[in-house]
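First chain written, first letter: the chains are A, B and C, and each begins at residue 1.
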Amino acid sequence: MAITLKRWDRQALGAALLVAPLAIFVAVTFVAPLATMLVRSVYQPAVAEALPETLAALAEWDGGSLPDEETFRIAGAEFVALNERRALGSVATRVNRLESGMRSTLLGTARSLAAETPSASWREAMIAADADWGAIESWLAIRRAGEVITPRYYLNALDLDRGGAGEIVVQPEDRRIYVSLLLRTLAISIAITGICLLLAYPVAWLLAHARPRRAGLLLLLVLVPFWTSLLVRTTSWIVLLQNQGVINDLLVTLGILAEQQRLALIYNMTGTIIAMVHVLLPFMILPLYSIMRAIPERHMQAAASLGASHWQALRRVYWPQSLPGVAAGSLLVFILSIGYYITPALVGGRTGQLISSMIAYHMEQSLNWGLAAALGGILLLLVGTLFFIYDRLVGVDRMRLGG
Amino acid sequence: MSAAASHNHSRLRGWLHRGFCAAVLFFLVAPVLVVIPLSFNAEPYFTFTEGMLRLEADAWSLRWYQNVLGEGRWLPALGKSLLIGSGAALIATTLGTLAAIGLSSPALPGRGAVMALLISPMVTPIIITAAGMSFFYSDLGLGQTYTALILAHAVLGAPFVVISVGASLSGYNHDLNRAAANLGADWWTTLRRVQLPLIAPGVFTGALFAFAASFDEVVVVLFIGGPDQRTIPREMWSGIREQISPEILAVATFLIAFALLLLAAVNWLRQRDYAGAS
Amino acid sequence: MPARKIHSTWQSCRWLGLGLWLLGASAAAQTLTLVSYGGSYGRSVERAWVEPFMAETGIEVRMEDYNGGLAQIRAQVETGNVFWDVVDLTTPDAVRACDEGLLEFVMLADLPAADGTPASEDFLPDSRSECSGGGLVSATIVAFNNQQFPDAPPSRLEDFFDLERFPGRRGMRRVPIANLEFALLADGVPINEVYATLDTDAGIARAFAKLDTIKDEIVFWEAGAQPPQMLADEEVVMTTAYNGRIFNAQVLENQPFTIIWDGQLQETSGPGIVLGTPRLEIARRFIEFMSRPESLAAISKYISYSPTRYSANAMVDSHRETGIAMGPHMPSAPANMKRALISDWLWWADNGDEMNERFAVWLSR
């Protein structure tokens, strides 16, 4: 007994040692970057580090009336000093996200204060330089931009914000986009999963119950797009679907459409759905195929000989047995589609964008990295939950590549 | 219902079913193949010209292929893609194979959780991975370096190796390990001389998958690559976004040929795997 | 056999290491990265500035393309990872980047005109920020394909928004700049009140409401090379575009395009140096080289953009390949200036971020 236990321990240790290098590698090069992103979604120290004295003074301030002369003086001097180091611009950009117009207010005031240091009241000098300093909102914005740990980005990612008193309010109508985009992403992903299932089920059946040689050949047809570069497939869809593309040309040549009636098949939601179904279909066919292969065809025959119609046999006998494949394929396709980026970005145009494109927009264009990180965090939570369900229901070790 | 009618019925159903499947398979394959003839278009259009359809010789040309080879953009990109892809595949294959062997042991505690961790890079949306990596590597001062890209692509490719080697190992008879141990082989010798040769097809398949994943990856390249790291997918991306020129179709044709080659290799390896397992 | 395999793996590791080292070494050599807008303009920059500069100094220049905006520069400066050296910027971008501490200051004091006029008096007013060198005048215009409108072609900016008389899809740059101005002009706002109107919430709402009227027919472009391509492919019937790109498509590719010189937005641009570049010295040499009047004039041999220096304007001559006199094709030609809107870079420097955000929201709806 003692000997077997020891041997078992040694085997476990050996196995753990083999797994460890990759586990550590994944932890460092994958988990750590995701953790960095999640930290960024709540931790933003840049403004606090740039304006320590102003924020210390504002911490004492009641927020109900204008700050006192001393606060004005500290703030004004700090703005000037920062601007001399050319570091005020990035602070101003951050404050401007909370209160539009603060960018020019901060930079303009710093410039005029540097040109002429106020001899008497800083408060009057600053309000004279820019009337915005007479508004409480400007100071509230600076104080809020100085929060090091903030739930702001998660609130913004859910179309919420905090009001002056710190209460949670819904964003004004012209700034609300993320919730509806998230819902749209979910709806589109469900639609894509449904279409894939509808197209894949009969094909997987054919593959599973064909003679081996023929099945092998048909499987190759499924695998060709699976192996082909995603960018190549996207290019193909552009070539096929665009206004002057192959499909529209064909329809016009055949006289089905007039020259003016060419269909808008790409750079919209239609394009996104068509191209994504094409990309994700193999991920549905392959799990279905591997489950269906194990369902003996004679079950269907037995049901038929007992008097069941084809559809009854299909529904009552075959479908239940194929459910594990349906679950595996659907979950996989759904997980892959809610985070999809490349295809919508290239063929989605204005209306065919999913939530991922907003993450890319804030990463690359607006540089609102906190918001990008918060949107990423929400998406990650969603995918993580689904992946957990997949693991429980299907098991990650059942994942196969190409049959 | 008479037997004949029901027979007719089921034949009709069979034809409908096969017709439907043919349509779906056509939908899968035709879009991939359509770019091949179009890449020989003599005109800068993305559709078949009348001349092409009438098979006139001067409607077809190799000009886009000449451009691809002549312009100093695609060949360096190919070199960069190959460098990153082989580096990433090497790391992913080494670490992934070891991990898969470890995971195949029933003795490993917390096996399910470890497996989920190792597979997670494959299912995490690439935009999130890329965003996280761009923060991470620029904090480390490794932004815009080959090192960062190779490490990133290695971790994205490793799940493919784990899965593919794992599939090979599922047909592996663990009695062989015991037999080797009884013959006096130590653990390392058993791994090297018994286990690895038998799962070699799975290892190579995994390596091909990892390489292909890197060779086609663009989002991480966009987010953490600099001007030095303009790989083929990166060039394709900006080509598609900005000025889709028939040159892209020529490159696409090359990539399709490459994909078919990989597919053939994987297919061949799988047959060897079955042969080895039986 | 396994031992050999491990050995060969080790070998390939070493080759990989060597490869990485070599690549690192080549990147460390002094190569200037110049970022510009690509396409036919990029080729003009290459021939008018880059090639002569390399010939004069022996410094290698690598060209990168971008589509305007400050995002990449901000990202590089904020992460301290600067790999762009000189960037071709529109004036509002240059002013904003200069304010935000993203660019090195550029002094042109020691760059007088040939007749001795000091540089400070040689530049068009408001054409340069403290951080940019000599630049070019360009215009965002509306252009169309003649084949689409054989009988009654569009002639005014308003026609871009008139779906009834001129049906079909329109190309538009995926940014608010120029589009908001066009919307207001087409909605009847007088040319000298455009920016005052945009300064109010109601004015911005009015601009977006006007854009809404054609929203479903818009195809967005990002790179300057796209609009001529979209017109040629008949993907759109009309598009906003940079005048030089359309000119080059007309003269170099014989495309049947027409520029509507009405209500166009006239802009200036100039190159800046990204703050903190390790290649500051050669970046300054490049700015100095291309800010010379003769360099600025040289680019007008390849594309219809005129210099922002008076002394350089006098040297503008004819198109290198076709011999066409360039004067009448310039945005600054009097015949083209009958109803031109001069871009208010100060307004855009102040409001650019907010407008970008509102535009993104508008797009996603």
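Simple rule for what comes next: contacts are C-beta pairs under 8 Å (C-beta built on N, C-alpha and C of every residue); 3 or more make two chains touch, one makes a residue touch a chain.
In this text, all values refer to a predicted model and were calculated from it rather than measured experimentally.
J.: What pair of chains is linked by the largest number of C-beta pairs in contact?
T.: A-B
J.: If I average the Cα coordinates per chain and compare with the overall Cα mean, which chain comes out closest?
T.: A
J.: Based only on mean CA positions, could you tell me how far subunit A sits from subunit C in angstrom?
T.: 31
J.: Please work out the Cα centroid separation of subunit A and subunit B, and write it as a whole number of Å.
T.: 23
J.: Once you find the CA centre of subunit B and the CA centre of subunit C, what distance in Å lies between them?
T.: Centres of subunit B and subunit C (C-alpha means) sit 38 Å apart.
J.: Counting only residues that touch at least 2 other chains, which ones in subunit C make the list?
T.: 233
J.: Which subunit A residues reach two or more other chains?
T.: Counting only residues that touch two or more other chains, subunit A contributes 242, 244, 364.
J.: Multi-chain contacts in subunit B: which residues touch at least two other chains?
T.: Subunit B, residues with two or more chain partners: 45-46, 139, 241, 244.
J.: Within their complex, state which residues of subunit A touch subunit B.
T.: Against subunit B, the touching part of subunit A is residues 8, 11-12, 14-23, 25-27, 29-37, 40, 199-200, 202-203, 205-206, 218, 220-225, 227-240, 242, 244-246, 249, 278, 281-282, 310, 332, 335-336, 338-342, 345-346, 356, 359-360, 363-364, 369, 372-373, 376, 379-380, 383, 387-388, 391, 395-397, 399-402.
J.: Within their complex, state which residues of subunit C touch subunit B.
T.: 1-3, 6, 9, 12-13, 16, 19-20, 23-24, 27, 33, 38-39, 62, 64-65, 67, 79-81, 83-84, 222-223, 225-226, 229, 233
J.: Note which residues of subunit B are touching subunit C in the complex, please.
T.: 45-46, 83, 86-87, 90, 94, 138-139, 141, 143-144, 146-147, 192-193, 196-197, 226-228, 238, 241-244
J.: Please name which positions on subunit A make contact with subunit C in the complex.
T.: Result: residues 85-90, 92-93, 96-97, 100-101, 103-104, 107, 174-175, 177, 181, 242-244, 260, 267, 349-350, 353, 358, 361, 364-367 of subunit A touch subunit C.
J.: Quick one: which bits of subunit C touch subunit A in the complex? Just the residue numbers, please.
T.: 69, 71-72, 74-75, 78, 99-102, 167, 169, 218-220, 233-235, 275, 349-351, 353-354, 356-358, 360-361, 363-365
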